[in-house]
Structure formats: C-alpha cells, structure tokens
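Once you've had a glance at the structure underneath, I'll fire off some questions.
By written order: A, B, C and D. Residues from 1 in each chain.
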Amino acid sequence: MENEPLLNSLQTGFPEATIAIGSDWPEMSIESTQLLEVIEKLKGSDNWDFNYLFCETCVDWKTHFTMVYHLSSTQFRHSMVLKAKVDREIPQIESVVKFYKTAEMLEREVYDLFGIQFLNHPDLRRLLLTEDWVGYPLRKDYHDPINMIKL
Amino acid sequence: MDVKVSEPSTPFPGTIHETPGGGILLSSLDDVINWARSNSLWPLVFGTSCCAIEMMSVASAKYDFSRFGFEVFRASPRQADVIIISGTIVNKMAPVLKRLFDQMPEPKYVIAMGACATSGGPFFYNTYSVVKGADHVIPVDVYLAGCPPRPEALLHALITLQEKIKSGLTREQIRSKMSEEYGK
Amino acid sequence: MRNVVDTTPEGNMVLNVGPQHPSTHGVLHLFITVNGETILNLDPNIGYIHRSIEKMCESLSYRQFIYSTSRMDYLSAHMNNHGCALTVEKGLQVEVPERAEVIRIIISELTRLASHQLWWGSLAMDLGALSPFFYAFREREMITDIMEETCGARLTMNYIVPGGVMADIHPDFQRKVKEFIVQFKSKIGEYHELVTDNVIFQNRTKGIGILSKEDAISYGCTGPTARGSGLSCDIRKIYPYSAYKNIQFKEILETEGDSFARYMVRMREMEESVHIIEQLIDNIPEGEFQAKTKAVLKLPKGEFYTRLETARGELGVYIVSEGGTTPYRIKFRSPGFSNLSALNHMVKGHKIGDLVSVMGTLDLVIPDIDR
Amino acid sequence: MFSIENILNSFHEWLSSMLNQNMVMLLEMTLIAFFAITLFATLGLVLVYLERKVSAFIQIRKGPNRVGPFGIFQTTADTLKLIVKESFMPNSVDKFLYQLAPFIVMITAMLLLAPLPFARGVQIWNINIGVFYVTAVSSLSVIGILMAGWASNNKYSLLGAMRSGAQIVSYELSAGMAILSIIVLTGSLNLQDIIASQENGWWIFKGHIPAIVAFVIYIIAVTAETNRAPFDLAEAESELTGGFHTEYAGMRFALFFLAEYINIFIVCAIGATLFFGGWMPFHIGNWEAFNHVMDFIPSSIWFFGKTFFLIILIMWFRWTFPRLRVDQLLNLEWKYLLPISMLNLLVMTLIAIKGWHF
C-alpha cells in the first residue's frame, strides 16, 4: 500500500490515535498502555500485516520517553512508524517479544541504554554494558565526569 | 610531551661490583636469546575492530609478514609473545584485555595498533565507554598511528619491536638514549 | 562481568566462547550450554566493543558524524556513510548530482565485493581450510588499491559527504576497475572449485543452522542471511535508493535456509555486484561530483529514517532532529544485531563445530552489532 | 662400497678393539640416545620449516626468508625462544599430570624412532615384531593427550582431549588393517624383511588394487591419528582455540608441537617402508641397467626421499581441506573406512594365498 491509502486505512482502524505522514511513512502516536492491542491489530490484520519489526528504539525528550517502532510488511511492502509515549518517572512499557522475536535483543538494548522496563520480557538484562554499570547513558541527563570528556 | 621517569625512592642497597673483563659469556648469550626472541614473535589472535582487518591484510600474500616469522598466530594467550591491540578497547573489554595479557608468559610485548588503542582516537571525546588508550590497562611497547594504519605501518611497528628486543634495553634506557640523541 | 558458571543445575557444561576466540571475528562472547558436543542453549553477550557511537554522534555536527560510522561496520564503511548521507540529504532536501550517485554505487558494490571476499576467506578459515583466505585477499587487495587511489584510504574510506562525494574519481579508476573485473571473473571459478565443490565443506554446511522464512521475518533478519531463507529483502530492489532505480540486477534468493544457502547467496551476490559495476563503469555521467551545500548543515525539525543495503543486510539510520546543527538522537539499526539474535535458534541441537559454520555464514562484524 | 652401514660397522669394530664388550655397548647406547634426541630436534626444526614453506607455496606467499638464508634459522629462533620462555603452570591444574603429559607424548614419539630402518643396515633396534611395536607404541600417545586435556582444567582442553581420544582409538583400527594387508603379503612383522620382500618392486605396484586401497586408507588414517588437518579436531583452532594444549606454554608446548611433527615423520616413514620399499631403490623387474643406476643413489636418500614425499602429501592435505565435524569424522571411520579396509584385507589375503601378486 502507498502511504496515502495506508494513512487512511489506519485512520479508520484507529480513530482515537493521532496519525500523520512523517518524512517517509505514516506515523501513529499512541499511549504506552495501548501498545499491545494496537500491535496485535496491526500484525493480525489481513489489510496491514505488519509482520516485520525492523527497528525499535527510544528517544529521550527530557520530559518523557518515546518508544519508536518501525514496522513493515513483507507481503505488502508498506511501512509505518508507531510511537508510544512512556512516562519518565516510571518508565514501563509492555514488551512486544511475543509478536516479534527480534524485539528480545532490541528491548534489552533499550533497557540497557535508556532504562525502560519492559513488562513480560523473558530475560531483561543489561546487554551492551557491564552488569554493574550505573545509570543509563543515552538519557539526556546522563553525566559521567570520569569517562566522558566533553569537547 | 614531558616524560616523567619515576626515580626509585631508595637507592639500591649495597654496592655493585663490575665483573673484571667479564660479562662476555652472559652478554653474548643474552644477544643470542634476544635474537631468538626478536625473530620469533608469535602474535595472539586478537582483533577488536577495524584494525584487525588491516592486521589480516598484513598476513595476506601481498604484505606477507610470514617473511619475518610472524605468521604463527596463536589463539591461546599461553603460547603467544606479542599482543597486537588492533582496535578500540572499551570499558567492558579492559578487564578481558588485562586478563589476556596476564595469561601470556614472559617475555611478552604489546603493540597498540591504530589511534583507538593508542589514545582512544576518534572515540576520545563524548564517549562514555571507551578506554582512552590501551596503555591505561596494559603496558605498551610500540604505538602505531593511523585509523586504521596501513599494513606497511604494522610491519614497521613489528620491526621496531624487533629492534627494541634486539637492543635489550629497558623503556627507561631507551628514553634516556633518545633524549640524549634528540635533546630534551 | 557477570558471574561465570561452570555447569548448569542440570549438569550440562557451560562453555565460554570469546571474547577472544578465533572464530567470533572480534570480541563476541557466547555462553553456550553444551551436553558433550551438542549445543543446548546459546546466550550472546555483546558490548565488548560498544563504543557509544550513538551518544558521540549527538555532539557531532552533521558533517562530522558520518565519518564515525565508518568504524561501525568497517567492512562496508562506504555503505554506512552512504546511509547517513542519504538521511542528511533527505532532511536538507539536496539533489545529489547524477555523477555522484553513480560513483557512490560503484564504490558501494566494490565494497560489497571486498566484504564478501573477506567473508569467504574467513569462513573457509573457520572451517579449517586455511588457504582460501589468501586467495580471497589476492583479489581484495586490488579493490583496496582502487579505493586508496580514489577515496584516499583502504578500509574506512570516508568518501561521502552530504550532497555528493568528497573528490572526483581518479583518472585510472575505470581502467583499474575493469582490470579487477577481468581478474575476478577468471578467479570466481577457482573459488567454487576450492571451497563450494569440496565434499567436506558441503557436509559441514548443508542442513546446518536452518532458519525458516517465518523465523527470519520474526527475528528481523536481513541481507544474505534472510535471502538464504527465501525472504526477499534486498533494499536495493524493493525500496530502491540512489541510482539503483535504473540498474538491472537480480535479487539473489535461496530457499533452503541453511548455511550452504547463505553461502551461495553471498557467492552469487558477488557475481551480481560485478554485473552492476559492469553496467555503470562505462556510463559514469559527466557533471559535478558534489552538490552545493552550506558550510554548516542544519536539519529541519523532524525525524528521518533511511534504509539501505550494506554487505550484511539492512542498515537503518534514524535521525531525530530538533533543528540544530547536531542530531538530537541518532539510532543505527545494524544488520548484524538482528542476525545475531537468531543465532541461538539456529545452532540449538547442533555440534560445537557447526556453531563456527553458522556464525561464519551469518558474517557477523562485532563493532556493527555493538556500535 | 661407501655407505653408512660400513661406517657404522667399522666404528663398532674400532670401539670393540679398544674397549671391552660392556663398555662398547654402554657407549653405543649413549651415542644412540644422543643421536635420537638430535634427530628428534633436527627433524622437528626441518619439518616445521618445511611446513611453513609448503604453506607459503600453496598460499602464494614467500614464507620465512629473513632469518638466515631462505629463513632456514626461523625455526631455530622459534625453538630457542620457546626454551627460554617462561615455563608457565596455571594455578588450578593437576600439577603432576600436567607436567607429565608432554613427556609422555615426546617419549612415545622417540620410542617410535627405534625400529625405523633409515638406510641399508641402519636401524637402532632390529626387532622382529617391528610393525607390531610401532602400532602398539604409537597408540600410547593418546594417553599423553588425554592427560594433558584432563590436567589442564580447561573446558576447551577437555573437549579437545576427548575428541582426540575418540579419534585416535577409532582410526587406529583402519590404520592397523591397512598395515595388516601388507603383513599378509610379506608374512613377516620385521621391517627389514618387509623391505627385503620389495627388492623387485614396491608393494604398492606389486599388490594390485588392494595395495593401493590400503595405501589410501593408511594415509587417511594416519593423518587422523597424528591430529593433522582435515582431522585436527583435537586442536581445531577455530573451534577450541588450542584444543588439548590450550594451557601449555613455553617448552612444554614446544614438546607437543615437535612431537606432532615427529609423529608425522614416523607414520610417513612406516608408510614408505610398507608401501614404497623403505630404503630399497626403485627397481623395475629385470631391467638390469636401470636397476643398477638406481642402486647408485644411497639408500638413505631413498628412505628420506620417500618419507618426505609422503610428508609433503600430508601437508598438502592440511592446507587444502576444511575440517570435518566430530560426528562426520567418526562416521567416516566406522561406516566407510573400516568396512572397506576389512574387505580389502580379505581380498588381500586371497591374493596372498593364491600368490597372484608379482
């Protein structure tokens, strides 16, 4: 599906979500609590068939986090961006491992670098950094006077 | 850069007597051993990033460091003589590198290949996980500039290491010799 | 470091492969639970070369950050730069001159060839055949010489700038590339004779590390790894970028999903890359090699994502811009990361020797995984 | 005629004329021990150098050429370095076994030098069960390897040792079968007798196709028995880093390293003796003139020439083939090589009984 028809069909599918065309693909913003049902709908539907999670990451907006899921369909070749807002004080969101196995490692990375707790993740451990690392380095307020030499 | 050579705080107890006219047997034996050591540097299979590819290029037919007898790559640190740190060392890797170095039997040598191993290189600023130079972790004999260095540069580094071993001098002796030669 | 256990409660041995191990191609660390020689479980432990490139890029300008990405997947350094440049160009809405597009693609395909040759040599070396490595490097050195003349470096070329390429091609470029093609075509048969047709090699790779198409999709595998399972995922073909729109080439697909299929995909991809270069090398359009851009680049507020095909699979560059001179957040979706996540699934139940062949055909580059 | 045999005999007579019998024997034994150790070291150096040059030739490289002319002192430097290298013992090893293992491997390799006929009449020990002695003693080296793997207290070593155990024990069978098929033809276990029986032609030519099959099986089996690629599973550098000698450093490692090469020499020497007539020159039936010309080449040259031909063959394998997997390795032995060699032995026996061989 091209972007325009995809946008329209998404708007009819999720009337309560804010959907707009981004720089490349339709971008849909939802609340973190809705994540699982939205993804279930997106993946399970025959129209969309978003079966391929090609990128999952997080952005720290200082006031809140945004989990960004880049979804695509290997059947229809269309893609979309799903954004879920995560609270900064209690950074928790449902894990999508049961839909996409690749999320297991990706979510561990996000947990490692942003400190977001993924609920129902099978094995949430630090991935890139050592187990005894303090802090979450990709957060904007991360401060490390020993290792980081600011230019 | 100003190099500070640490002076021993207390002098060596007692006096050292020169052997009259002697030292020939031992020093020539030393020469033979140094010759053997310098010509048989077995590198450890150790590559962390980009420089490892250039290290492989040195092994390839075009540069062929087997001519100097370096081609015996040992996977086990117990059998290696020289560790070529080819790539960045990060905080998670540093204890492993130290451990590998400790596992190597004496005498052991270290070549810091490339900018990352020398000083952190392109990853010096604004990174939270990079060790700013492998010499924070283990002592380095030869530093090699470049990102990544050309294979010829690695060959030169290995030959420099050979010369260092053949000279039989310590780091301090080499430094004082160099400062004599080039002035302070 | 986490506590290292010798045995699991069931009495199976836990073997630490890496971080310094000859077949992990870098500093990958795998905890493998083995019963005798049979692998029961595999737990990758990465981060031994996590250089915080994403954090570093947040304080580098749009011109600077491109070059730190060459060190990510150093075997396809050019493609990494290409991905970043495409994203920045998308934000700036710069038209890249046609000449630059074509030069970029020729260098990309040469990089892919160099990468695959190194992979071929090191796969054979992992499986115990030591000589193919040297034959692979014979041809690879020709490519690095071409790179050196035109781009100025052998491995991490840093040849791309936003808006084009840094310098025009060397006058000898076309002649040397043609020489390379002749040499490569005469030697590809030797490659197949030496390794592909070898009975031991086939026994070591056929039916090993099977990844079904469904699993490839679920694990987010890309590149030759997924194409060996029959998943059509060549970004050059399905979402053409740069000058790939106008080029005739096949997407290589194999359906078996085992190590041998992945091997064959890469081998045939090499020939396809040569095919692409042949089409372009005599048709480099005249004109500028760089578009005019401002000295200080500022991306508009927004989010930009580019997908492109490196030698290992799909690279994604995700830039979040706040309108400043540096990216607000940058994320590299590296192909090796997702491919590695499928490793446990692929080697379960196989022998330790098979781990080497599966890892070899995944063509992992660890700095690309760790970033 | 000038030959090593004559020199040795006259040396023996000269000694006997000066000293009493016991002293002569003592002196000669010391000399032989000295000779064996020297041979062990020299062969090691030569073979390692040869291996590096052969690999360089196959891999379109130059190989060692800086240390001495054509790099011939390269291996000397390596050995010297290994001798003066820190002899290292990890803390948690089984100290006694760890230290014993390399010596067992080395002593086994040295013992095997005893019955080898290096030239006409030159043999350390002309034992009448020479072939049996070789097969029996060579199987001892697996004990050393198992010991090394177990004592190292390292998982890789253990895996390597276990692989090596399974491998050597199984491949000994088909190596033994291949040797047996020549024994059946000659009817003697004495290596001198076996060589003498090949005066008018080597067994590989006289024994029809079964002899060739036996030779092929022998070469495959001994490649496996000496842990050489494509059967180097015990070391398997890309899988097990160093295999059973992962934890060994310095001279102890060098002993393993040298013993591997001596073992190659020995199995190739036995192969040359059984199938290519040992020191026996190349003779063709009753071509008198040709045979006489061949006789002018010293017997030791024939012996070492044939042996080194086989060694280079085995080295060629190493630098060409990928490694087998452990289960494939055992499948190859138990499902293919062993049945074939048994059948081959049967056919060979028939040939021997019927006297069909030349």
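In this section, a residue touches a chain if its C-beta (ideal position, glycine included) is under 8 Å from a C-beta of that chain, and two chains touch if they have at least 3 such contacts.
Please read these numbers as outputs of a predicted model, since none were measured by experiment.
At the far end from chain A, in terms of centres built from Cα atoms, lies D.
For the pairs B-D and A-B, the larger set of C-beta contacts lies at B-D. Chain D has its Cα centroid 38 Å from the Cα centroid of chain B. Averaging C-alpha coordinates per chain places the centre of chain A 63 Å away from that of chain D.
One inter-chain figure worth recording: chain A and chain B are separated by 46 Å, centre to centre, where each centre is the mean of the chain's CA atoms. Remark: chain B and chain C have CA centroids separated by 32 Å (rounded to whole angstrom). Shared interface positions of chain A, defined as residues touching 2 or more other chains, are 128-130, 137, 150-151. Contacts with at least two other chains are made by residues 61, 75, 92, 125-130 of chain B.
Shared interface positions of chain C, defined as residues touching 2 or more other chains, are 1, 21-22, 47, 50, 52, 55, 59, 133-134, 138.
Contact between chains, using the touch rule, shows up for A-B, A-C, B-C, B-D, C-D. Residue ranges of chain C in contact with chain A, taken from their complex: 1-2, 46-47, 50, 52, 54-55, 59, 90-91, 215, 217-222, 231-233, 238-239, 302-305, 307, 314, 316, 318, 320, 328-329, 331, 333, 337-338, 340-342, 345, 370.
Note for the complex: chain C touches chain D at residues 13, 15-16, 21-23, 37, 124-131, 133-135, 138, 194-195, 198, 200-201, 203-204, 351-356. In the complex of the two chains, the chain D residues touching chain C come out as 55, 58-61, 155-156, 159, 163, 229-230, 232-233, 236-241, 318-328.
Remark: chain B residues 32-33, 35-37, 39-40, 42, 61, 64, 66-69, 71-72, 74-76, 78-79, 81, 105-107 touch chain D in the complex. Touching chain B in their complex are the following residues of chain D: 52, 56, 59-67, 71, 73-74, 76-78, 80-82, 84-88, 237-238, 241-242, 245-250, 253.
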